[in-house]
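The following blocks contain the structures, represented as structure tokens.
Same chain, two partners: chain A is paired with chain B first, then with chain C.
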Partner chain A sequence: MRKYIPKDNVQKKAYYTDRYHVVPTVPQSKVDEGSYFAGVLNALGNTVTESSVQLGQLVIHIAPEDNFKVMKTLKETCGYTQCSEQSAVDYLAKDNEFELFWQLLNVGVAKRVRVHCRLANGAAIESIEPLFKSANFAEREMFDMFGIKVNNHPFLKRILMPDDWEGHPLLKTYPLHGDEFASWYEVDKIFGKEYRDIIGPENRDPAKIDIEDTKRFSRVGYEVPFGAEYNAEEETDIEYSETALVNYNKKTSKQLDERR
Partner chain B sequence: MQVSNKLTPFFENLNFERDDNTMVINFGPQHPSAHGQLRLVLELDGEQVVKAYPDIGYLHRGIEKMAENMTYNEFLPTTDRLDYIASTSNNYAYALAVEKLLDIEAPRRAQAIRTMLLELNRIISHLFFVATHALDVGAMSVFLYAFREREFAMDLMEDYCGARLTHSAVRIGGVPLDLPEGWLENLAAFCDKLDHEVEHTYGALLNENRIWKMRLEDVGVISAEDALSWGCSGVMLRGSGVKWDIRKEEPYELYPELDFDIPTSDRCDSYGRFRLYMEEMNQSTRILRQLIPLYKDTKPQLMAHAPKYISATKEDIMTQNYALMQHFVLVAQGMRPPRGEVYIPTESPKGELGFYIKSEGEPYAYRLKCRAPSFFHTGLLQNLLVGTYLADVVTIIGTTNIVFGEVDR
Partner chain C sequence: MAQHQVNYASSAGLPIALTSVDKLVNWGRSNSLWPLTYGLACCAIEMMASGASRYDFDRMGTIFRASPRQADVMILAGTLSKKHSEFARRLYDQMTEPKWVISMGSCANTGGMFNTYATVQGVDRIIPVDIYLPGCAPRPETLQYAMMMLQKKIRRESADMKKNTKQDLTTQTGKRARLI
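What follows is the complex of A and B.
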């Protein structure tokens, strides 16, 4: 029987897991009363559903519809003037949700806050671009990689992948070596879909060189007019200098042989 | 009028003369001063930029995707390909993030070596910046002199790890090798030479150079507020008068014990940033000189002792059965870190380089996000270039010091 591979997460998995292996967790501590982060939490009020301190950074969880409000408070009241990173984690297979995170930095007091929210599949998130301009590129990347729509973004467009790409590469359902669309991308674009059968999967390399195609390739030493019939016999007398790797010029090699 | 067909399709939809007398030009992706693969679509009114649109992704290799399909140790050499001008800073940022996830600390000798390598890489990167920036603006000779010294720094890297560009000189939990014999003497000699060259060659050629100042002064002006909002870090932030260096504010490795200054500039322009790069090279040599005695005081252990995650030393593996078994498991299956997430920022030569790692306790990271400084500096271009002249575009791209390995990832 063929091994069952779950379709909702095609990333590489451990082939063996000790069944007595207990996975520890990264240490988390409660926010101490009177500490600096307690002040931040007070300013945010009841928008925060969960909070902890991990490795000296405050980690808070919020509802996705509160994100703009929370970021505005963090920026204007608490002095978090830089959004250094934002992206998402794909939990579609487990919960049909994305986990979004924003990493904020307060330069004045050298403190960092990470804001998390869970966003349902297909839902859109409000852009924080009016507050932090760095979100312009970061949200575009998030859209490109996960397909998460961002409301009120000034220019929500693919950023790393081509505009006409299908699929979102960082989803767990997207295979590492690309899907069918990815493997035929150049062929579809240059020749059209009907050429898939003619070219065949073994020849879909877009850099393939066809020696008999005189429309797109010329052959040194055997030049023929554009589109003429390929003929391996007729040698032309065009001489080219020899390179370190390829000896185009047969005459030179003959001379070399004679010298030897 | 061009006609697109299947054999010659339009990848760039260009129209030069437009109704409102503006002109749209493509800068790159094969422009020599595009620092790799930057395609910049510029809308020009005469010679003034009306709108700039940086188009990136020509070097996208899906490194974050690869991280989800590789064990933690397998992925480390891939981080070399992010900022390939200073690979060790990427190796280190990644290794540090994983170490924080595992809650282990590298032994002191490894910390000393890592700090040296980081500063050496900062010098390599800054020399590259000065060289290419000067070349872009038109000062050819600086390029040759700066690459001469960069070659010496790369020779030092080669003596240490055997590689010149993609070093992989850091491991999770420490460093693989001790410094070879005579390396510290070479390093000290290099520091002396570099200090001399920074002052008497690059400094003498550029600092008060009339043409250089005309090309750089008041070009690419960013206010501190804008710099923070656009996610700038490193010299881009310090050049706008914000005194922020992660080595000082959130120190790691031996930086808390070292005495060095954070140069800042209130000029907010390209010339101020150029002076910061020059000053930072002086600070790096100052750090390197302090590290030499610190290194000599350390015990010879190179890798952290954490049998659950880190393989034992070669000697132990060859002599002790359990160490061999554990090594076999760690190589064949990969380490299984705790469940949780970390975001660890480090000060790379380009700015804040941080790795966000989400672990589900598997040997493969559930999600890895590389916070690359150049990515945000590229985003800034769409704001910074508007209103400048076409001749200054090259200067501004140069001053951001972007490397496309980490922009596109």
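What follows is the complex of A and C.
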């Protein structure tokens, strides 16, 4: 029977996983009363649906509609002036949702906060570019890699892939070697689709040996001149060079005779 | 009246050398190969080292040029991404004939370790290659050797570029095609 590969997640899995392996989790603790993070939560009010402290960082979950409001409060009231990281995680196979996250840093007190939100497939998120300039490229990358649309972004277009690219490579449904569009991209773009037959499909085996191709390969014992037809029936004798360091054509017994 | 016979076929101290047009033209071509300054990835560091004082390409008459119009060798040094492939081909097209291509390093030869959707799996898919240079990354000596091999190849060629066949690309179906 053919091996079943789920269509919604075509990413490669590990060959071997331990039966008793338990994925380590980051220890979580509640936000202590009167701590610095309690003050942050206070300022945010009831927009926060869930909160915890992980590895000394505040982690909060919000609704996707509130993201601009929360970021504005975090920046202007709580002093988180840097947005160091922003992206998404594909949970489409599991929940038909993306998880978006923002990592903010308060340089003054050296505290970090991570903001999470769950965004339904096809929904758009509000841009936080007016607050953090770094979000400009980060949101473009998120659009490029996941296809998540960002409202009120000043210049929302692909940032890594070419403008005419099809598909969003970081989705779990996108294969590592690319779809058909990706594998023919450079041929279609430079020469046109009619050249597909001439140039041929991509060879993704770097150790591939083509026995018929006598321009690049030569089978020992079946050597033919460069570019000539390969002939599997006609075996040729192996010729050793006489000009090299050791002359293998010369019989050793003869050499001994000469020495005597 | 001449006091002694002059043998015109031998040099005999006279400034005469006999050769064929092919040899003369190829002597000129092979001893002033001007590669394009075109680094794509980490191989470019090795290419720069080859051009710099320690390995010194200049002594072979090899001078890097920053314009494709003035260059006759294209060294594809590094990973060629699919987004960039169009521009690599355009630079190749802008170079004047005669022109040669060295594919430097595993990534340019076959895609190397970047067996992904975004990398061209071997630059010979878009540009005809003369010398494939293995290594990851090849050392400057290796690039020098490739340059010398290219010189050898040029010296073997006909001066009339129309007579020289460019690389054949063999497809999996066994058909042979020709990229210009």
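Everything below uses one rule, namely that the second predicted complex is superposed on the first by the 186 of 260 C-alpha atoms of A that agree within 3 Å, B and C clash if a C-alpha of one lies under 4 Å from a C-alpha of the other, contacts with A are read in each partner's own complex, and residues count from 1 in each chain.
Basically, a residue touches a chain if its C-beta (ideal position, glycine included) is under 8 Å from a C-beta of that chain, and two chains touch if they have at least 3 such contacts.
What you are looking at is a predicted structure, and each value in this text was computed from that prediction instead of being measured.
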item: Touched partner set for A:Tyr16, first chain B, second chain C, both or neither; value: first
item: Touching partner for A:Leu176 - first (chain B), second (chain C), both, neither; value: both
item: A:Cys78 touches, of chain B and chain C: first, second, both or neither?; value: neither
item: Which superposed partner A:Lys189 touches (first chain B, second chain C, both, neither); value: both
item: Partner chain(s) touched by A:Pro162 [first = chain B, second = chain C, both, neither]; value: both
item: Touched partner set for A:Leu44, first chain B, second chain C, both or neither; value: neither
item: Partner chain in contact with A:Val113 - chain B first, chain C second, else both or neither; value: neither
item: In the superposition, chain B vs chain C on chain A residues touched; value: B
item: On chain A, the residue positions that both chain B and chain C contact, one per complex; value: 160-162, 169, 174, 176, 189-191
item: Interfacial residue positions of chain A with respect to chain B in the complex; value: 11-16, 21, 23-28, 54-57, 81-85, 87, 89-90, 101, 103, 107, 110, 112, 114, 131-134, 136-138, 141, 145, 158-162, 169-170, 174, 176, 189-192, 216
item: In the complex, chain A residues that touch chain C; value: 160-162, 169, 174-179, 182-183, 185-187, 189-191, 197-204, 206, 210, 212-213, 215, 227
item: Contact footprint of chain A on chain C as seen in their complex; value: 82-83, 85-86, 89, 106, 110-112, 115-118, 120-122, 125-126, 168-175, 177, 179
item: Complex contact set, residues of chain B against chain A; value: 6-7, 9, 56-57, 60, 62, 64-66, 68-70, 100-101, 103, 225-226, 228-231, 233, 237, 242, 244, 249-250, 333-334, 336, 338-345, 352, 354, 356, 358-364, 366-367, 369, 371, 375-376, 378-380, 382-383, 408-409
